[in-house]
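In what follows, structures are represented as structure tokens.
Both complexes below contain chain A, partnered by chain B and then by chain C.
After this line comes the complex of A and B, so read on.
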């Protein structure tokens, strides 16, 4: 982003959201449900991108935040019989605290050490999931299909299993994450975060307490990731240890790199492309990861800034 | 400068020292800076000049000694708090946000000041913009707003560095070898700018270019081997010697030929007890 353009940005983001909303009326059933999933996971990647793309901190433990939201919400429903919204709220509050706490410790390091520390925290979270198996049901996890009551709004009730409800709930989550991230980046706080990414010492020498800004970024990033985890648990009725594993920490990194690090639309683009790439190739051969890997290598060579990054560089320099 | 200002210096260091392991980089420095003055620190490479200003600006923590700004002890302040209290450092090796536009670079410096005045809510972008434009205008590069800082010619990068220092509205602006690598015409422009700025702030200048030092400084502090050797009044040079000529390693005797006093009124600020150097004797002949 070489020049701030709040008005153009608002129009573009509104356009993207309206497009995604209208898409549900024309998509066939299969792609309809795929898009619900993509929008939830893209919200996770938006959270990840706030830290990596705009603050310059690479975390390898984000699955911890995602699974904190997922497990807290899931356990609230499964063990304590709460309905969706209170379970989501509790999940949100707990993730805010967890992110802040982990951030306060992990941000005492930077660079590679930060990577390792977050990786360790992530692994600790994963092992905790396995260890406390009377709540988490270990590796297998649990489903919420029986326990989850429909969402009642006024006189109408929505079932979490209804595809239309899923799509619109996922859309709402993504809209919140996308709007928040754009507001953040166009705000003076976002300017400081970008400055930290570019040159932290200089930012300090301009009089900013960079630790507090980084803590804020990590907390927001973790919270959005956790929120995506909570919504994922409710919409897809499954809570399992795979979502706490290391590869689920790496996934948002790949999606973000592919779509464009440090672009607000990059996470959506990257998540979507990756999802369909795996979808197509896995239907075709069992060695699909080989093909996905090759395509990713080509993309990285051709567009090292990711797709949206390339678009920004070539055509839309104002893109946040 | 009157006697009052001399009694209550803007910045005062007492016995300020810094060592790196066994290496004594700064040793027992007592430095007084008066409000509104332009002070130059000169000395050979490795004399401890940059370490000294790094201590002042908070980039390094002193091993011992104290720093007072407006009689307030700021020794233990972090770098960002020192900037907030008014000591702004511009880097010797240009340190810009080289992937961001000039506008963004200056806006970063501007918006912190605005943040504070307005409490927790950030100031409006329109206010930031007015100030960024004013400052870019002041340093003479208003047309470069949208240029990526890293793509600027070197001289302009130095100016941008100063612009960022200005935007932080300092009480004390520390310039670490600001003219290094500049062309002659750029140096002249730079000197004009610094003189203009000295009306509203105190300036501490580390400089190897004696022409610049003599042109700007109201007092010269000579450092060598981690210590302050003397405080001198500058000898204004005639127009004979060429500007832009560098005089490295001339710490002990920074006297260009054909010099003479121009500011007698500064004699009162000479540190008492300091041995009269040959430099000073010459002046009174």
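After this line comes the complex of A and C, so read on.
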């Protein structure tokens, strides 16, 4: 890591964000809305990547954090008639709490046990959604189109259904997640997390309480995922059990692996490519699970470092 | 307490019966998972799909033999483990061996395998659940209710298969190789144990056990392409509670989970049973992170 790396990083990230911002003025309507979706889901993947890419912990239950945010925010709007921002805030607080609680238990295990335990907690979250159906309306979920009041800032009000508002809200969310993850990686805490990824015992030997660092990483990761869930509920007006399913836990894993584990831009690249790939292939086959499966297998055999990982290896060693 | 048991005895008995049947089948599935983990240090996320393939193949055999459930059942008992075991061996050679059994890569790869198998079954078998007739049908009449005799046969056959696996482990040369590889693969290799082929065989045996469980279960609960997830999660719960890699722990935990599942399902709700099983896991982890019988793992 050379001394000018942080500056290069800052410029690259700023460039990416400005590019994404300007993109909304030239994209046709269809891709405009696709990109809003990609940016929200990429924020979820950025949260996931903090845990997998920079702490070395693979979770198979991240959908529980995403759906916690989504359901808490959705229920606040649907059942209690709150407006978007307070609902988002409550979702955020509860996700922080849930992430810490789950982390405190799950982090008592390590290695493959951690994977299995997160998978099971994720499944429990899904079952809870089905079980408490007086609030969640079971498998089908609910829409927020009628209940959600427009966002009022000063004297102007923004409707959550307005495509331009959607795009910019999604962009803002992604920008926050991307900047946070870059700041984290460059910070001393991030260095300790990477040390844990590389060799936990040695990090312990150096006097760090690795459990607390991992708990911090998991809480931050879960919180960003939950935030993405809350925003998803508000912008796309739908809250449903599919977002708590195990497939939705594996999705960020796939996106992150494809884009590059342990690269801050990888989640965005992976999410974008997968989204368009499935979109593109759905024209001639409905067997998209086969594509997902094949990509997963081929990635681990042929390119475990992912796309941005390859770019880092070949050209840009400083890439965070 | 005892008065409550007296009043509810038929229900308690039913819960015990149902729970034991679940426990035997669960033990069979989880044993495959535990064996693969113990010897290969690999968590096979596609394990539930091997179970599902067994069930689907049982349906295929049932149809292939026309209207003779017993013949179809016997055929499936041979075809399913051979086919699924072969598939597992192939995926071991083509995928797992190439990524050197790295724990995280194998999990990702087996997730990939899970999706591929699910999609292929969905494409060729279809999305609907299909029933398979039980090979033999009779009722065992208890004083309070009649109980499906086939369910008891399922428990019995599972017990036989568990014993068979145990016998294989302690009496056969392959079993010796397996235990040697489990203790220390590198040392085993220097003593001439062909670990590469042991890995393939263990993976095939684990998958075969799951497939057999699928064949046994399918007359009780139809075959569909999504049926693999639930037994996978339950086996994970069993394996975590029992301690990863400990076969004894797997068996004990299968009975704890199976019977408590039976009780909660009879008295409350199946969904609640699954949720409580996870809480049980959390409790075990808080008290003893390596599980009941698990040793420290690297």
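As a working rule, the second predicted complex is superposed on the first by the 300 of 320 C-alpha atoms of A that agree within 3 Å, B and C clash if a C-alpha of one lies under 4 Å from a C-alpha of the other, contacts with A are read in each partner's own complex, and residues count from 1 in each chain.
Methods note: a residue touches a chain if its C-beta (ideal position, glycine included) is under 8 Å from a C-beta of that chain, and two chains touch if they have at least 3 such contacts.
Not measured: the values here are computed from a predicted model.
Of the two partners chain B and chain C, more chain A residues are in touch with C.
When the two structures are aligned on the shared chain, A:250 is found in touch with chain C, with no touch to chain B. In the superposition on chain A, A:79 contacts neither chain B nor chain C. In the superposed model, A:131 lies in contact with chain C only, and not with chain B. When the two complexes are overlaid on their common chain A, residue A:189 makes contact with chain B while staying clear of chain C.
Chain C contributes residues 37, 43, 95, 98-99, 103-109, 111-120, 122-123, 229, 233, 236-237, 239-240, 244, 269, 271-272, 274-275, 278-279, 281-282, 285-286, 289, 297-298 to its touches with chain A in the complex. On the chain A side of its complex with chain B, the touching residues are 2-4, 6, 187-189, 191-192, 194-195, 198-199, 201-210. Chain B meets chain A in the complex at residues 57, 59, 78-81, 83-84, 88-89, 91, 95-101, 103-104, 107-109, 111-112, 115, 122-123, 125, 128, 146, 148, 164, 168. Interface residues of chain A, counted against chain C in their complex, comprise 58, 60, 105-106, 108-109, 111-113, 115-117, 119-121, 123-124, 127-128, 130-131, 246, 250, 253, 257, 287-290, 292-297, 299-301, 304.
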